[in-house]
Amino acid sequence: MQENNIDLEKIRAGVKKKIEQAVPEANINYCLTCGLCASGCPATGLDDMDPRKFLRMLVLGQDEEILNTDWIYACTMCQRCRYACPMGIDVGRIVYEIRGMRPREKRPKNLQRSCDLQRQNNSTGIPNEDFVWVVGDVLEEVRENEPEWKDLQAPIDKKGAKYYLNQNAKEPTVEPEEMVPLWKILHAADIDWTYSSEWWDGANYCLFTGDPGDWEYTVRKQAEVVDSLGCRYYINTE
Amino acid sequence: MFYATLEGLRRFNIQHKFEFVSIISLYAQWIREGRLKVDSSWNREGLKFTVQDPCKLVRQGLGDVVAEDLRFVVKKVAGEENFVDVWPRLSNNYCCGGGGGALQAGFVENRRKYGKLKFDQLAATGADVVITPCHNCHSQVLDICDFYGGRWKTTHLWNWLANALVMDDSATGREG
Amino acid sequence: MSTPKGSVLVVGGGIAGVQAALDLADSGFYVHLVEKSAAIGGSMSQLDKTFPTNDCSACILSPKLVECGRHLNINLLTLSEVLSVDGEEGDFQVRVRQNPRYVDPEKCIACGSCAEKCPKKVPNEFDMGLGKRKAIYLRYPQAVPLKYAIDPDHCIYLKKPGRCGFCEKVCPADAINFKDQPKEHLLNVGSVILALGFKPFDPSGLDFTGYGNLKNVVTSMEFERLLSPSGPCQGHMERPSDHQEPKKIAWLQCVGSRDINRACHGYCSSVCCMYAIKQAVIAREHSSSGAVDATVFYMDMRTHGKGFEAYYDRAREEGIKFHRARVHTVSPAENDNLKVRYAGENGDIREDEFDLVVLSVGLATDPQVIKLANDLGIELDSDSFARTTCLRPVETSRNGVFVCGALAEPKDIPQSVMEASAAALEAERILYPSRWTETKEKHFPKERDVHAEPPRIGVFVCSCGINIAGVVDVQAVTDYAWKLPGVVFAQNNLFTCSQDTINQMAETIKRERLNRVVVASCTPRTHEPLFQETLREAGINKYLFEMANIRDQDSWVHQRQPEAATEKAKDLVRMAVAKVRGDDPLPYNTVPVIKSAMVIGSGVAGLTAALSLADQGFPVTLVERKDRLGGHAHKFFRTWQGQEMQPYLSELVSMVEASDLIDVHLGTTVQDVSGSVGQFTSILTDGTEVKHGVAIVAVGAESFKPREGRWNYLYGKNPNVHTLLELDQRFIKDDPGLKGLNQAVFIHCVGSRVPERPYCSRVCCTHAIDQALHLKEMNPDMDIFMLYRDIRTYGKREHLYQEARAKGIIFIRYDLENLPRVSEENGSMVVKVRDPIIDASVTLHPDLLILASAVRPRDDVGGLSKLFKCAMTGDGFLLEAHMKLRPVDFATDGVYLAGLCHYPKPVEETIAQAKAAASRAGLVLSRDAVPAESITAVVNLQKCTGCAVCARVCAYHAVNMDENSGKAQVDTGLCKGCGACVAGCRSDAITLKNLGNEQIMAAVEAAMEDF
Amino acid sequence: MSTVNEKITSEIREKVRELLASGHVAAFLGYTSGSVPMVMQPLIIRTPEDADRLEWNSFCVLNLANYLPALLKSFEPPRRPGDPPPEGPLPKVGVLATGCWSRNMVIQVQENQVDRDRVVVVGISSRGMVDRKKVLAAVGHRDVTAVYEYDHSLKVSGPGYEREINRWDVVRDNCRTCVHPDPVIFDHMIGDLKGERDVADRFRQVEDIEVLAPEDRWSWFSTEIASCIRCYACRNACPLCYCPTCFVDDSRPQWVGKSIDKADTAIFHILRAYHCAGRCTDCGSCESACPMGIKMRILTRKLQKDVLELYGAEAGMDMQSPPPLSTYKMDDPQDFILTESIKGEEK
Amino acid sequence: MNDISKSKGAWEPKIIAFLCNWCSYAGADLAGVSRYQYPPSIRIVRVPCSGRVSPNLILDALRSGADGVLVSGCHPGDCHYISGNYYARRRFALLKRFLEFVGVEPDRVNFTWISASEGEQFAQVATEVTERVRKLGPATHLLKEF
């Protein structure tokens, strides 16, 4: 193994400071290097990194390595480390911030693309009209083929519905029939619900690119839609 | 992803009038209230079920309560005796490895290595069916099952729930 | 203030409360001891063994509890709680509610028939719920008072009168009283001492530990019970799932401690590292094969107390594994085993499987105690411990109310005992004018004259739970004892020291008209006084007694040879019987007390001790080797809580100087000491002869100066390399040279925990971190690196460590194989150290290098220890009488110790220990006379030739030649009973009472008879 | 020309006569010849006239210190226990003392058996006393009817023979190896002080046994004491043995049995010798007194050697030095301590 | 009894140990507390101080049938009675040499210093002395034939 020598005339730790400014409760300094996170993290060992090492490098100002490691994409920001960390250090959050520090062009392409699409509407990029059409089409098919479900509903933009339901874009895009069981359940429970024809996607990849602006924008849009429909509950399906 | 909206609303202080809820909580609530009637008698073969606790919903979302709701629903649907739990579980469960954009980010080898823990954990249950109430989890669990040679079926909850529904007239509005 | 009350309320019957009660009751105050459970003993009574001596906890505690239970001046109020405390210092009105026991303690003989018949089984809280007890129960076998109690929450009769009631039917003593009612006591006391202890942290909320879900995950307190002979598996160490003996056990440290996330306890619980090691050591002993594989998972190993590091070293040598890793999750494995995944320091993931996982749970304050503290107006800190300060370590926020033990901070037993004595001292300081005003006196029955009687010997053979009976066939030994000449009674007991057995023994002595008693049990060193008092209570002289040590020197050392151990036990009993046959009744001698003290050393410890005694009206001679008072404290900047030392020290010094009762001798040391407790005569180097009743040794310690060798690190070579105290001196002077620094490096453990000085210096981690924080305050932009081996900021000091990290001070761990390297390059210092986490060499460029060097014992301690006949540890510190329960006493009566000459300790502990020493000294000074040796030399004038060998060899000048007869005579007041004269006498003309040649020979011959 | 001993005898008589005549002493303890050749008897005289009965020669083998305490006591009024000591000065007695006897007197003073102020010591530097048994051996154990002593030889005669023997050849072993012939305390000196004798191999006899294997030493010891009849003549002749109840006679406790059990006999000899440790001056009385010819002196000699080696002390050399077993030094040798020797080995 | 035990193949030595109360006896207790195991051949007689042990007692032990004797006190300087062990040291030094002189095997009679904190050392000493005596076989020289 190559001898790694760190010369600390003065610790800059710019990345750490930046995170601390953005997230005062990040508590990076609190790390006791106890290794709990490393032992509980499935990403430990990937790219020769683990959460503790990652924090340690931040603390010792190894900014270049931190900014360049792809381990930030091995970490799923699942926060299992934070769950049991005695100091409650949120590596997921720190990773989020560092993902955000990457220039867009250097972020994983597909991930960034999912977010970019999301910003426009939904993560798969299918047009809203297509979504509306697919729902109607599938519903019709069920009503026709399954007599016992002839009254099945899949309302869209139904103002005043009690429940708003979002929809992961995967189904309308690649396996539309997978939407049906849920409609049936809602129907069986006699639920007054609706989809929206805009910002209907249940997933949100902007959480993963590290860009708060994108994330905020997409959530805000969702919220506006739900409130404009006047629904009392926003059901997330996952 | 539950957390994306939940945390997004919170972190960016987005004003809203609705209440943000999980479909899993509602399933459990509706079953408890009798709005949904389910019957596990379909599972004569005794298919064993286990679950994946989605991080975004459980640990980062509503916590053990929703994870227990998930189990409640699965037990109702598949039969109490046909449920095998995992360890670690609930809020302490492992991430499947598909989250955080991992499925999109493209580091496939890392993603699968990451998922090995999840695979081992699920395989250890001997379950025939793994319920993944999240799309990311679903894709990842499906992939690692395939990649590492698992024998279970990876599915969403709704299929089984819909399948186990006991329909009566009042609930479905169905005729005769 | 008008004359204060002469009584004190002690709340809490654990070891701290018991110690405080005993100190007070023995020095002239009446004590009300309030305990909420049915018996005193507290957490210590639940422990199996105690570190670092591996003493059986119940065994060492039991005599104190019994003493407390029998003390004439302690009013024991069990099942009681304090409702309110009104009034003020010197005159408090206390309301206490005593809940009904439903068993008349006057009548209960603790025969156990009631519990045997009681149909209601409930989880036994004493066993942490692992075992069951009945609704009528004894808290534990050696409970004091040894009286049954009915648990009203579970008693069938009390829930529904008319049903059950079996206990009432079977009780032979008619002791059951279902109509028992709560009583309210109104007490008028001068002071209140809170010793409410702790509650073990409940890890149920920490799902990742598996506790509550995985059967074989237990807490450390549960494990104590699993180890304990009085526990749910009679000490056979079974794991819960299948009652099999675990072969592979893991301990997870810091569960509920040093965790601000899930446990919300940022503090360190201080004791868990040691108890985990102890449990690992004991588990190996307990196992039938002796081959328990034990692993401890820890963050920092905190073995910071006296003898702790050596204990840790030994545990490692014995093969106990230590992994520096906190474990995220405990997972189930086959056969209810447990899987533990952990990360090596370099990030390597390893997995291991265990039969049992023990969670080393921390100490926390019981919510009920929090409520009580609020009710009483006692301030608690953010961790819910009683708020005290370093300079007033046992004082609460309310005047006249003191605190000791774990209520103020998590701490170990000796520290709790010290504080208990210190709290007693504070009460005595207020109440001393009323000493002996509310106390009663003990009267023993007149002793039967047994001179003319042939020996009627009773032999009591103890099982000590399974401590003895697990190896020795105690029944065979008892049967054998019956056959020995002179023996008219023999009996086997489960715990001979339990109060019921003691009472029964007294009855047996009377009934059988025994005139000699032998107890075959543990060691006379701890239990002889207890049994001897029983003889007195039964109306015979206490010296008609012998013990056969069939535990410490038999069952415990021949664990795998039960037959040989049984034969040895018989031999030991036979020897004791042979010896006791020759025992005569002896007089109870006393020595008058000179009511003044000598305090040696005038550091904080000495000054505090001197003032504490002078405040109670006792004159003190204060001897200081240097030409000014104050000792090392002059060099000390501030406590870890931030109180500055210099103003405090000046205040202490001026109080001492102003005191009429303190006679200060500067530039003086003690040259010679003669006499003994009550009657010391010391010669000082200034020629003064001092007569004093007690002495307190508080001569401090030294800071190790790493001038040479391995730990030098440019010390003495570069002007910017300092020890901690040297940096403190710069702080005191507010040295402007400390401003504008760029980088500082601290190296911990310089000369501590190394082969030549294997102990931990206890204070340096906290001190260094506090200094780093101070530097950081002065220079916010400065980089500070702490190069450490284990951070040992025990107790609340952990917050300081956290604060330091929060402020960006960087901690890098090193070990002895990878020492930091310090060099000078172009006139500036360069420090290289390896960071084990990223496995990289880190190069630092400090302009200040601070060496947290060891606290080392002073070289002249040896001389002093010889003057006072005190022992020393291998490390060169003074050795107290008992590491656990007599932390400020020397084995030599009337001599006490305090401060750093005992072991390195921070100022708050020094102050507490000095006060404790003063309290212990008060036990002697408050009396006109103290008991003296009864086993003294006696001269046979017919045989004496007057040759005076005896007088020549007597170290106490107790033997001299009678001018008239020319023969030897013994001053029994001076004689200590050592027997040097006896061995020196060729004519067999001087002998020791009850230790004559004939008796020893009888024992020797008995040993050989049937070997 | 008279012999040295004749000169000494006449000087003794003169000095003693003077002491008694002046009333300086009430009695004098010396020697006179008995009816058997080579056996001198201690003699107490009380009048100046009896001075001429005193004699001095090479056969004064019994240590006069042994008789001194009783003689002193005989001048004290009878006392019961608890009675105060007699008032006023008590009579003094005079005594002859060679090197070893005087050293025994020092010990007697240290051990409160003799009041130095009541004793007038007339010192004689010893030339070494003759061992009767050696003389007998030299003449082949024939009857001896007369012995005439010259300065350096003895003329031994008996029925049908007369033989001259070199005196030094038959001097007792203890005297041959004695380095302190001069009295260490005296009030009057007969003849001159001779100074310390230079003796090579002082402890040769002891060393010869020390080099044997343990079993050979035991064999030597058990053989040597095998003939012991437990008559205690050795003990009775010893000025150090003055206990009212000797351990051999004690029944509570019974240290040794009264019979001639070999273990008991061994323990008797071991303890008797041990009781003399640090006190024995090697006066040879014990051996001289033994009717069975047991060489028990070598036992005390061994102890003497060890006390000297270990503690640099010799018994009774100095009134001020405490007896070696009643004192200690911090750094006394302790190689024999097992824990120390183990430590030593580790190093 | 002795003859029987000696005739057996598994002869076990019997050793009398005179231990001072303050150090060595406490050390022996500590051995127990620490569960250091040693052979069951030692019978401990508690005496106040090693200075209490006279040569008579040691001889008596041998006379009574002990195969070995151990006397143990506080380390020099640690005597609870100031100087008892110093006197004892002189007495024992002479006695040991003397007994060896008359043919008692050197390992029969042993002296040690063991402090109250030396539990392990006590067990070692007990083991060591037992082994040494075992090698010598039964003691007969000073054994009283009753």
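For this structure, a couple of remarks:
Order of writing sets the labels: A, B, C, D and E. Residues in every chain begin at 1.
The rule is short, and it goes like this: a residue touches a chain if its C-beta (ideal position, glycine included) is under 8 Å from a C-beta of that chain, and two chains touch if they have at least 3 such contacts.
The model shown is predicted, which means the values in this text are computed figures rather than measured ones.
The set of chains in contact with chain A as well as chain D comprises C. The fewest steps needed to get from chain C to chain E, moving only between touching chains, is 1.
The greater number of contacting C-beta pairs, out of the two interfaces B-C and C-D, is seen for C-D.
The central chain of the assembly on a C-alpha centroid basis is C. With each centre defined as the average position of its C-alpha atoms, the distance from chain D to chain E rounds to 35 Å.
Averaged Cα coordinates give chain B a centre that lies 109 Å from the centre of chain D. The mean-CA centres of chain A and chain E are about 79 angstrom from one another, to the nearest whole unit.
Chain C has its Cα centroid 56 Å from the Cα centroid of chain A. For chain A, residues touching at least two other chains, in rising order: 45, 80, 83-84. Counting partners per residue, chain C has 208, 329, 953, 984, 988, 997, 1001 as the residues that reach two or more other chains. Contacts with at least two other chains are made by residues 247, 253, 325-326 of chain D. Pairs of chains that satisfy the touch definition comprise A-B, A-C, B-C, C-D, C-E, D-E. By the touch criterion stated above, chain A contacts chain C in their complex at residues 1, 3-11, 27, 29-41, 44-45, 49-50, 52-53, 56-57, 59-60, 62, 80-88.
Interface residues of chain D facing chain E in the complex, by the touch rule stated above, are 206, 209-210, 214-222, 247, 253, 255-257, 261, 263-264, 266-267, 269-271, 273-274, 277-278, 299, 302-303, 306-307, 310-311, 324-326, 328-330, 332-334, 336-340, 342. Taken in their complex, chain A has these residues touching chain B: 42-43, 45-47, 70, 73-80, 83-84, 92, 95, 108-111, 113-114, 148, 151, 164-165, 168, 170, 178, 180-182, 184-185, 187-190, 202-209, 212, 215-216, 218-220, 222-223, 226-227, 231-238. By the touch criterion stated above, chain B contacts chain C in their complex at residues 64, 87-88, 90-92.
By the touch criterion given at the top, residues 81-85, 111-113, 242-245, 247, 250, 252-253, 275, 322-323, 325-327 of chain D touch chain C in their complex.
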